[in-house]
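First chain A sits with chain B, and in the next complex the same chain sits with chain C.
Now for the complex of A and B:
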């Protein structure tokens, strides 16, 4: 059985845990329960008829209290960068985390998720943000852990490019 | 009496830690103690076997941490590496949170895994509050954005953020020191003040490196860490000695102030308790400040543990330099009086009246020169321990008073008539044979019976040679710091052999000064036999040292030594292990010029 490790990276409260939970169990909760440390989940998927176990490393949000330990990233086949559309500042955080991931992992596939699409009228980030990242060659998905929009898609796109890699 | 092994297993059980020892093959682990209850719950198996523990180690997070841990164990003999917290879903569908530590100590490699219970949710709760308020702040901010920006409220906001941050750090029990661009302290948080036992006023505006609580070597390590790039910095372990035997172990994280990278923020984490517990789990070679893992010393530790809880007077016997005062301190620290004072008095070399007034105090005018009322050591040691060293040298008149004090538990200051109650435990020590002194009537027999209610014998260093290398390493480290000779990396095997062979009439104290001497003399990166004080070397050591065949006659040896010392007589004498005058005498008797 092939196992692939995926890390969830982003600022605090952007919806990393919610995104994984939606993907693994189909459940969403409004209640915010911050992650301390790492939370490990598994999900079995099939890509082109091939079964793969995804080991999902949901890391705590990066902020002034908790910095991501570089060693957590080691061995990842890919990662999701998550930003919160309603908070402009969360973009700078993923830019930093992306640089860190590149240093440790080299060029492995990643997907940028702009989360909380259900709150798009409250979005702080520019409407063309997604376009600008795509122009840099990034895979970008606007989605919502609440409605489930883009969740499957984000993980399956990532997994596909990990397998093709 | 406490049995070490049951203490250890009891402790492991009480802490609910899964303790595994890495085996020699570096692959497998052996279970130490029992399997904690949480493990059964988590894996959903009622009868857990060691095989299941091995399977557990292959779960993703642990497997990942173990690669790091193996690297750490392979490169460290001492220290510890923490995994950080992680959570996994247990058999019952609930998330369970864990933390693991790789510990290395004297070649023993341990993996400690703990389930982090609600205790840690203190941290969780604080981070939760911090982040929630961060979110709220954000929402409030985005509503009032224009106004805020126009009013340039930025400054106020960052001040408030700082206050919030400090409040949170205080709640996390993390101390904070902030400095300006020149390294002068601008802020010392409440927790930092407590940890360092000092007020903010005492250090504000001073360079942080002047903070008294940090030892010179700790300050140096912190300075070195500051020179590193920010992402290469590690926490610096620091040991604070705060007087009265109080010790605090800290880990200090040196960070830049995000608002101005020229300024520094020190985060102080108190790890005393963790270290203490880890120490209990892994350390057998130290007991308070006593060092050694020989069976004789282990027996001493056991005796101390037996004697410490009772209030009986103790007599510690042992040659000079064996560390009798350290034993007295350990007795104090391990007993119920540990929060009271510990006062040490050397009875040797003081006249009757001086010692009397020192011990029992005096009233103003009690004798010429007594210009004030004076409290004696007995009163000063009230509720604590009074250590009377060299009791064999105590004058007879004082012995009589001491005997009465021990019986009545009260003292009378010189020149006063009313007695005062004192609550003091008396610990005495001597290098002499008190029974002999009783025979020659220099020591009162009734006092002897009184002071040796509990007896403790400290072995001479030559009777516990297996501890010499450990002690030597420790003193080496201390002298190196004291002499700032950080280039000297280690003690050579030959020098260590010489240290182990020597008789050590001055015991541990002599060993300590031998290492001080050696460090001062050492020129290279390794401490060599030739750096040791000459008395530590046997004659044949000296000869081998000089590459001289020991078959050489005396004249030949002296020639060789002179040659090696490039004609310097003092140096040649040192090499030969003789005094300069002896060498001159030999030279003359051999008809060689002693000068020039």
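Now for the complex of A and C:
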């Protein structure tokens, strides 16, 4: 059985844990519980008839006081960068995290998720943000851990890229 | 490195055993268990026996082993809703040592502090 490790990267409270929970269990909780360290989940998927076990490392949020440790990323086949559409400054955080992940892992597939599409009227992120990232060759999904929009798509696009990589 | 007198070594070992529930695995390059012991029950790893291949069973080790000869620490891995551990990986002669030390108390304190910061 093929196993692939995926890390969730993004600032605190962007919805990384909710995104994983929605993907693995289909459940969303309104209450915010901050993540400490790393929570590891597993999900079995099939890509072109091939069974794959995804090992999802949901890392604590990064901010100026707390740096993601390089050891968490070791052995990752890809990563999901998550930003909160309602908080512009979360973009700068993922740009930093993306640079750090590239330094540690080299060129591995990744997907940028602009989360909280259910709150799109409150977005601080400009509407053309996704297009600007796509122009840089990034895979970008606008989604919502709350409604489930884009969740399956984000993981399946990343998994396909990792398998092809 | 300083060598501690036997009573101090014994006391330190006892304290660690009481407070951190150490559990260990010794894993070959191809993910077979060469040795296992300590309080693995605490991490629900008690079912693993010598000779068993754990490549697809212990998912948190995927991608971490084999080590490149350099020790590594991965702090605060959440095993269950209420159990956190610091994962210490140490290179050995025939494989790599995997040492788990309970870190639940530290995790709970950090979680409280982070949650308060977020709510302010």
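By definition in this document, the second predicted complex is superposed on the first by the 164 of 165 C-alpha atoms of A that agree within 3 Å, B and C clash if a C-alpha of one lies under 4 Å from a C-alpha of the other, contacts with A are read in each partner's own complex, and residues count from 1 in each chain.
In this text, a residue touches a chain if its C-beta (ideal position, glycine included) is under 8 Å from a C-beta of that chain, and two chains touch if they have at least 3 such contacts.
Being a predicted model, the structure only gives us computed values, none of them experimental.
**Q** Per the contact definition in the header, classify A:13: touching chain B only (first), chain C only (second), both, or neither.
**A** Both partners.
**Q** Touching A:33 in the superposition: chain B (first), chain C (second), both, neither?
**A** Both chain B and chain C are touched by A:33.
**Q** Have a look at where A:127 lands relative to chain B and chain C in the superposition and call it first, second, both or neither.
**A** Neither partner.
**Q** Given the touch rule stated above, what does A:87 touch, chain B (first), chain C (second), both, or neither?
**A** first
**Q** After lining up the shared chain so the two structures overlap, which partner does A:76 touch, if you call chain B first and chain C second: first, second, both or neither?
**A** second
**Q** Applying the touch criterion given at the start, work out whether A:5 contacts chain B, chain C, both or neither, answering first, second, both or neither.
**A** both
**Q** Do chain B and chain C touch any of the same residues on chain A, and if so, which?
**A** Chain A residues touching both partners: 3, 5, 12-13, 32-34, 36-40, 55, 69, 71-72, 74-75.
**Q** Considering the complex alone, what residue numbers of chain A touch chain B?
**A** Interface residues on chain A, with respect to chain B: 3, 5, 12-13, 32-41, 55, 57, 61, 63-66, 69, 71-72, 74-75, 87, 89, 124.
**Q** Of all residues in chain B, which touch chain A in the complex?
**A** Against chain A, chain B makes touches at 59-61, 64, 67-68, 84-89, 95, 97, 99, 120, 123-124, 127-128, 130-132, 134-135, 138, 142, 165, 168, 258.
**Q** Which residues of chain A touch chain C once you look at their complex with the stated criterion?
**A** 1, 3, 5, 12-13, 32-34, 36-40, 42, 53, 55, 60, 69, 71-72, 74-77
**Q** Give the list of chain C residues in touch with chain A in this complex.
**A** Touching chain A from chain C are residues 55-56, 59-60, 62-64, 72-78, 84, 103, 107, 110-111, 114-115, 118.
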